[in-house]
Structure formats: structure tokens, C-alpha cells
């Protein structure tokens, strides 16, 4: 088993046993800054080496998926889940966007299993982060004359994680592989260790949200498991359609299945104050993140194999 | 500003995610000075442990005149109380150089 | 809870190592809300610079009704004062939505 | 020290760069206990966001007797107010074990 | 001279000269998390490669030492030192347990001198951390019907440093050398540098405790020097008995001689509130830590040579 | 373009667009501790390998420059700039001393352009940090019977950055290249990445000071550009005089041109309270730092080439 998963379990178990283990918030920030920049830089470097003509159609398709996913889940959440409009929109935004931590675990999983994948995947992370936020906010508030587009753009494009991902991407793209090389000591060589520590912390955080699940009942748990599974199928189909490898399809399915817990909560909290942030985080962190990390990713890999017609 | 004489300390404890918006609002109300610390806590909206992301609280303290303090409290109650984790309290303080606060 | 009307602010400054125990005790006493900040300081038990390990202090503030505040103070004095670095103080505050604190 | 009876809370908010000097001065004045937190804020001397270097504020709170509190305020106004970002305020508090503060 | 010692001296001197140098608490936490996890991982990896039949007897013997050391020092502290019961028990716990920082310096010393040692030593760190805490608490409180065993177990086994050491150990053991390899960029390659920064901080902290020594007088200083020396002899004899190499014997002597300043203070503070924490930290940090780091370790090395019969 | 410059721009632009991106102060501290120690260690190692007879004359000349620069700029600031005495002295101290961040960027620039330079340059950083502080304080206060020399020495020699630079230097010098080698995993291999993050943060900080420039008007901007240019000429001439290579001359010119924003502000704030710290930081961080990093260093390189007579 990949050791990073064990770090996640260590954090989870320590917190469930009420250990005093806790990392200072500044360390959590530091680790996530490193993760975001590294993923951005990696994506940018790939961008620099690939012809735009191959990338552009994929990019467009992925962005479209980012807009469509929340539009599909919103009515389900509203009607089937009987969530309030603001909460349904918020959940749709969380699940339509992506979790960078889950992405990193998927990539580590493929590396550990020595499965190849298209190296421009980080680009998709960046592309998928934003559209669902926009859709979610519009679903909650509707488009009226008073819609403050400027504030909307600010909240979606200038959040911390987008700036770091996009910034890393642009820098990587501008300087290319050789330019990024001198930075590898901090960003690439320590990546797996940084991810391990990050997952240790995620385990600690997840435990708190697991215990808040009780309050929200079965429907939330069902959505927390059902939405990622359904989205993973859409992601896997799209990956196959775009001609991605099995590894690439696995990553795209994982991205579709993952739910944001950094960028989206912050943006929705200011833009849609009526939505209950505890509800969406209970789903995203208490159910979907551990599910994806522990069970989902290998599942999406099998799904990708099946869809691609590769014999298992 | 010709504020009533008794200087007040207004303390606001709320979600750190709204810091920027809240400070802009306070400025519009006429708040010239404030002090912020990063805190954590528990209340009606559950525990906010401040360990990551949007989970933290801030504590804003403002020394000001009585009428401004009333305005702040009324404004906060109307704009933020329904949707955000927030408490406020207020007490009498004495200051040196009151013109620093009442102006 | 039918607490006397004057809302009180209770501030407890003590060793961070007892945070978990203390919060459990406060919950049992009926404290529903509190705010914590990480601080450092000096007192009868020397300097607590908060630079590492068990060397730090926390500052807990609780807005509550008068009778609960009395109970808290009596309890802390009896259970913690002899063995831990701790001070407490108490003052009158005014609040909006007092039902948030007195309930 | 035979200080007047009403315990006071003195709060000083100022630049963190003078922490060492200020604490030495306070000790000379007779301050035995204090609590410090790292804060940020805005005032007449602009925004002090506390993000790096000398850009941060500290908040010192001192529980003490009335005459010491007067002395502190007078001293600070005379020595620091003209050249440093600083505010102070003062309020009445009630304490248990007053001998911890008035001695 | 090993540069890490110089980092310790830099911190010590800077603080004694009242420099403004100070590291933020979050950095101290980060460094100690890295140290604890790295040492745990290293130990676990070794565990994975060695037959249990060799390890088990050593493990039992070391655990027994962990229980015996505080039982030996307690009466001395009580009678000779005339410390209060709670303080004697607390000191016995501190000195019976171990200091991870001292261990790391000992290992760095051996590496620097190119002396071989058994690579499963980190396992002993984990084993020695807990027993003395249990003994100390029982010595202070006695065993009565009211003994809250659950709280006792919680305080001893769920403290931060145990969780990280033990967690690292289990992860290292589960994934083995090849599994841990991708983590080496953060955990192993930076280890010496992390230790250097940690010792810089320890120098700063030690200085404060050195200056508090005056308050407690000569007896504390004598115990702060005498206890480690006596314990080192016991540790060295045991190492020889177990057939450890000279390097391994040096490490075991150092572990016996070292006094805890992380796990034990936290556990004793909650479990034995009557004990004065400033007293035990003055001894452990103000005397024993600097003594071991600057003078003790080379001494214990000579001791190990002598006991093993190797000509000096 | 060197990617570290892009990190600076990323921070600058993010802050100017009012993004929520912000790094916790503890991270800023951590990064600057790493930078200072690494630069110190590098300088010390070089010191260990070079004969004192070559170094000593250079060292004396550089120290003299450190005393002369603020003496030259002070009357200009007072008369031409019409600054108050305390502010003129403070600005003279800031510009007479050096910025470690700017130095690191210059070194990265030369590395990126594969230009050789004398490897004992970090020694000059250490030597240039202090003299201007002393001169500045004396210029502001005058020398009277009441001059508290002890406090002055404390403020100048025991500030955080001096202790770390000097400490690193002494350690590097004491243990030499082979002794420092085991520390390279943390200090040297991650250096470029640490510098990149540091510059990201500097971009965020700079943006705040850029926007405070308006308050102080044109004269400050002129001095913020003129002083570095004039000082760079002096530095370049001295470099040439001392027989430094083109790379070394570039670094010395950059050091002369750079303005302190860590050590000097802290020392001056306590020693010269009447000086307005916002004024000197607006100049040093709002103008000179970005100017040097973005435009100055390549310019000083051309200057060094010209002075050395190398055809461009």
C-alpha cells in the first residue's frame, strides 16, 4: 500500500482516538502552498512541451464538463435530496469543482502502480477548479441586474488556491523544463513527503467532519457517495472520448469524482452566505474525501480499464 | 465626529473568511482604528477550531465613541447575524488621548 | 437557564496544556460558547514564553450570565488555582441578542 | 504594595518591535504579571498587518491596582505615544484572589 | 566537530547574549514533527528487514529497563534529594524516559565518526518513551481503586510524540525500504539540516532554563549530572549483555542517560498537577540536555568501548 | 527569465489585484531563517578555503565602503531631499546596509547566466550589514556623553539577521566544505525553491508598500531610484579596484545598491524612534527592492562589464 494513504489513516485514527496530535495552522498552509505550486509548475512545464493543437480540444471539453457537472447535480440535490436552494447550489459547486489533495493521491497511486498517464493532467485541475464555482453562485442567486460580476470574478479567480495553481502553471509554462529544474530541490524532490504530511493533517481534519455527519443524516451520506460515483463515470467516459490513456482516464474520473474543500468553501461562504458551510464540508471532507482516497481511486482505475476495453 | 463622551470597547468575534468584507463595511461606518487577533472557539454554529481553511475565527476590538458603537452593533446584527457565526459585546473603557478614538 | 440579567465577560488565562480538560469541565458547568487565543505571559509561576512544548498559555473568554460566571470562578479557584498557572477576571458587558448567551 | 482597591485591566496595543524595552519599563514600574498576544490592526499610523518583520503589533493586558494602572498610563503617554503606534485603554474588573494582582 | 553541535551552541550563545533571535512556535512544531516521523520511519523500515526472533528478546530487555530506571532513581530523589514525592516521581519519569533530540545527536555523532551501530535503534526510542511515564504517575499517585486507567493510557499512549514515533514506525514497517523510498526527499535527505535547526532552537530554549537553575540550587544540578551518568552505565551494561556493537551500546547508554522534555512533561503536567514542571524542565533542559549533547555522548562512547573490551 | 523573478511578479500582481493569497508570518520567518543561514554557511565554507592574506584587504575595503556610503547619502537626503534629520539618517542607514534577498537574486541571476563570481561574496553581505546601522544611529543622535554604546552594540550585532548570517558564517568556516556537506539536503538543495517562495512573499509585501508611496511623493521616489544607482557605481568601482571578476563586481555593485528591509528597520526603530519607519520602508521595499530585482541587477552587470573593459 502506498505509504501516503497510511499517513492519512494515521491522522484519522489519532484524531478519532482523541490524541493531542495537531499541526499548527501555519504548517497546513505551508504544505498546501507547496502542493499547489508544485502541481501548477508540473502542469505548466508539460504545457510548454506540447502542441496547443492537441491540448486545446481537450481543454475545451474539460471546461465544459466543469460547467455541466454542477448543472446535473443541482436538480438532484434540490428534488431528491430536498436540500434548500442555497445548500443544493453550494453542494453542486463543491462536487463540480476538484480537490487538489485527491488529485495528488491519484497521481501517487498511478506512480506507485507504475501506470502511465498524460503528464498535462495538472492543467485539468486548474481548468476544473473555477467553472463550478461560477455555476454554483449563479444557481444560488440567479442572474439579476444586481449581479455583481466584478465581485464574482474576484471570488472565483483570485482565491488563494487558484492564484497558486494558475501562477505555478504560468511560471512553469514560461520557463519550461530546464528553467524549473533548479527549483526541483524544494518543489519536486520533497513532493511525496509533503503530500504525506498533508494527508496526515487531512486525516486529523477529516475525523472532525466525520463526527459531524450524524447531524445531517442518511441523505447527505448517500449523496456523498453517489455523486462521486456518478461523476467518475462521466469523467471516465470523457477521458475515453478524448483518447486519454487508461492512467489519464483514471485521473479525469478522479477529478470529476473529487469534491473541493479549499477553494469552493471560501468562495461560496462570501458569495452565498445563506448556504450552510458545515453541511457541504461534512459531505466533502467527512465522506467523499476519505472515500475517494481509500476506495474510490482504485475503483476509478478499474472503471477506466473497463471503458478502455483493456482486459482486467 | 461629535460622538457622545463615554468611550466604548466593541468586540466582534466572527469567521475569519469575512475579514475583508467586514473591514470594508466598518470603514464605511466610520471606524478609524481596530485591532485583530486570530482565535478559535465554539458557539451556536459549532466548533471553529481554526486549524485550516475557513475554520478559523477572528476577534476584532474597536475603541470608539458611544454613538458609533451603537451604529456598529446595529449594522452587524442586521447584515451578518443571520448567516454568519458572530457575537459582539460592548463595555465602557477609559482612555488617554480620547481624541485618538472620538475623532 | 434562568440566569441573572447582567451579562458578564469571564476571562481565564492559563497553561495551554490543560485546554482539553478545562473545556470539558466548562462544558459540564453549562458553558455553551467560548473563544480561545494563544498567548504568552508572566505571573507568579514565572515566564511562559509560548515558544515550544508546554510553555504556552491560552486565553479563554466567555460571555455568560451572572450566576454561571460565579460558578465558573468558584470552580476554577477550587480545582485549578493551587496547581496551575492561572488567573481569571470578570467584567460587565452589554450584548445584542442576549438570548445567545443567557440560554 | 498598598494599591487602591478597585482592580483594573490595562490594555496596551503597540508595535511588537518594542516588546523587550516596554516589558523592562513595565517591570521597573512594578508590574508583576502580564499577558501578551500577537495581533494586527489599523490606527493613526496606518495599517500594521503583522505579516513580516517589524510590521506586527502586540496586545499586552495587565490586571493591577488602580494607582499602578494610573502610573502605567502616565508613563506610556510620556515615553512612547509621540513616536510609536500605541493605544491604551483601561476598565474595571473583578478578580478572585486579588492578592495575586495588588501585591 | 559535528556542525549540528555548533548550531546548538549558536542558539545557546545568542540567547545568553539576549539576542532577538527567536523561531516561531509553528516552526519548532514542524521541525519536531519531521524529526519524530523520520526516526519512526527509519526504525520501522529496519523492523521490516529483521527477524522477530532476534529483536524480541532485545525489545523485552529494553522495556524492562524503561520500567526499572525510574524505580531506581525515585528513592534516591526522595531520600537523598529530599524532593517532594510528586517532584521525585516527576523527575524519575523524565529521566527514565528518553529525549528524541539527544538520540538524534548521538546517531549523528556516530555517523560523523563513522562508527557502525544496529539500525533498529529507533525502535528502542519508541519502547523507552512510555514505561517511565506509567511508573512516574503511579509513583506519584499510588495505585488505588480510583486510578483512572483509561486516562492514564490516554496520556501515555496518545501524546503527540508517541503517536508520531509509533505511527512512523508502523508505516515504515508496513511499507518497507522500497515503500519509504519516495518519501526520502523530505524525510531523510533533509534530516541533518532539520536536526541542525532543531538544535538551534533547543539552544535558545535551553538558555532560558539554564538561567532558572539558580532557583533550585546545587542538589538539582547534582542530580542533573549524576542521574544520566548512572543511567548511562546501566544502559551500556545492558547493551553489552544484549550483544550490541560498540555503536549500538553507545546509543543505548545515551538513551538511558537522556531525559525527556516533550512527551513526559505534557503527560505528567495533566496527570500529576502537584509536581512543579519548572523544576523538572530546569534539570532536563537546563543541565542534562546540554551536558549529554556537548559532553555526555563522547563519554558514553568511551564507556561502550571500555565495557566491550575494545582497546581505546 | 529566471523563474524566481516570476515568483516575485506573481506575488506582486496577486496583491495588486487584491487576491486573498497571503502566507502566514511563521512561514516568512522560516524562509528567511533558511536564506540567512544558507548564505552564511556558504560564505563560511569559502572563508575556510581561502588564504586570509587575499581576503583581508578586500574585507577592510568593503567595511570602509559600509561606513562611507551612509555618510555620503546623509547630506544629500538632508539638503536635497529636505527630510527631517532622523529620517535622513534612517534612510542613509537603510541604503548603506544591504538586502539579503537582493543579494540572493543577484547570485541566482549570475548562476542563471552562467557568469562566474568570487565565491566569498556572502562574507561581504555580513560585513556590509552592520556599519551603516552604526553610522545611521550616530548621525541621528550625535555622539554625546550619554551615548549608550552597549545598547548600540546590542542593537547592531544581536539583531536576528546578523546572528544568523554571522552564526552560519562561523559554523561554515569552522567545519569547512566536508562538514557542511550533510546539511546540504536542507540548506543548499532547496535553496532556489526557498528563494522562490521568499520572493513570492516579498511580492505580496512590496505591493503594500508600493501603494503607500503616494503619501510621500516624488522626492522619495527619486531617492529610491537615484541612491541605488549612485551606490552601484561606487560598488562597481571598488569591485574593479579590488580586482574582482565581472561577476564579483556585479555582486558588489548590487550589494551597494540594495537597501535593507530587515535588520536596519528593526535596529533603527528602537534606536531612533523619531524616524518614520513607513517612510524608509516605502523607499526600500516600495521602490528599491523591485527596481533592483527587476531592472537593477542586469544593469549593474552591464556596468561591471563596462568598468572592467570587457566588450559588451
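Per-chain numbering from 1; labels A, B, C, D, E and F assigned in written order.
To be clear about the criterion, a contact is a pair of C-beta atoms (placed from the backbone, for glycine too) under 8 Å apart; a residue touches a chain by one contact, two chains touch by 3 or more.
Which protein is which chain? UniProt says A, E, F = Sodium-dependent bicarbonate transport family permease; B, C, D = Nitrogen regulatory protein P-II.
Since this is a predicted model, take the numbers as computed values, not measurements.
The chains in contact with chain C and with chain E alike: there are none. Under the touch definition stated at the top, chain B and chain E share these contacting partners: A, C. Each step here moves to a touching chain, and the least such steps from chain D to chain E number 2. Chain centres here are C-alpha means, and the one lying farthest from chain A is D. Look at the CA centroids: the one farthest from the centroid of chain C belongs to F. Here C-D and A-B are compared, and the pair linked by more C-beta contacts is C-D. Rounded to whole angstrom, the centroid-to-centroid distance between chain D and chain F, based on C-alpha atoms, equals 35 Å. Distance between chain B and chain F, defined via averaged C-alpha coordinates, is recorded as 40 Å. We define each chain's centre as the mean of its Cα atoms; on that basis chain C and chain F are separated by 47 Å.
For chain D, residues that reach two or more other chains under the stated contact definition are 37, 91. The residues of chain F that reach two or more other chains are 20, 22-26, 30, 189-190, 266, listed in rising order.
In summary, the structure contains touching chain pairs A-B, A-E, A-F, B-C, B-D, C-D, C-E, D-F, E-F. On the side of chain A, the complex with chain B involves touching residues 22-23, 25, 28, 201, 204-205, 208, 212, 261-262, 265-266, 269-270, 273-274, 277-278.
Listing the residues of chain E that touch chain F in their complex gives 1-3, 6-7, 10, 14, 17-27, 30, 111, 189-194, 196-197. If you check the complex, the residues on chain B that touch chain C are 13, 37-44, 57, 59, 73, 76-77, 81, 87-91.
Interface residues of chain F facing chain E in the complex, by the touch rule stated above, are 24-26, 29-30, 33, 37, 154, 158-160, 163-164, 167, 170-171, 174-175, 179-180, 182-187, 189-190, 266.
Considering their complex, residues 15, 17-18, 21, 45-47, 49-54, 56, 83-84 of chain B touch chain A.
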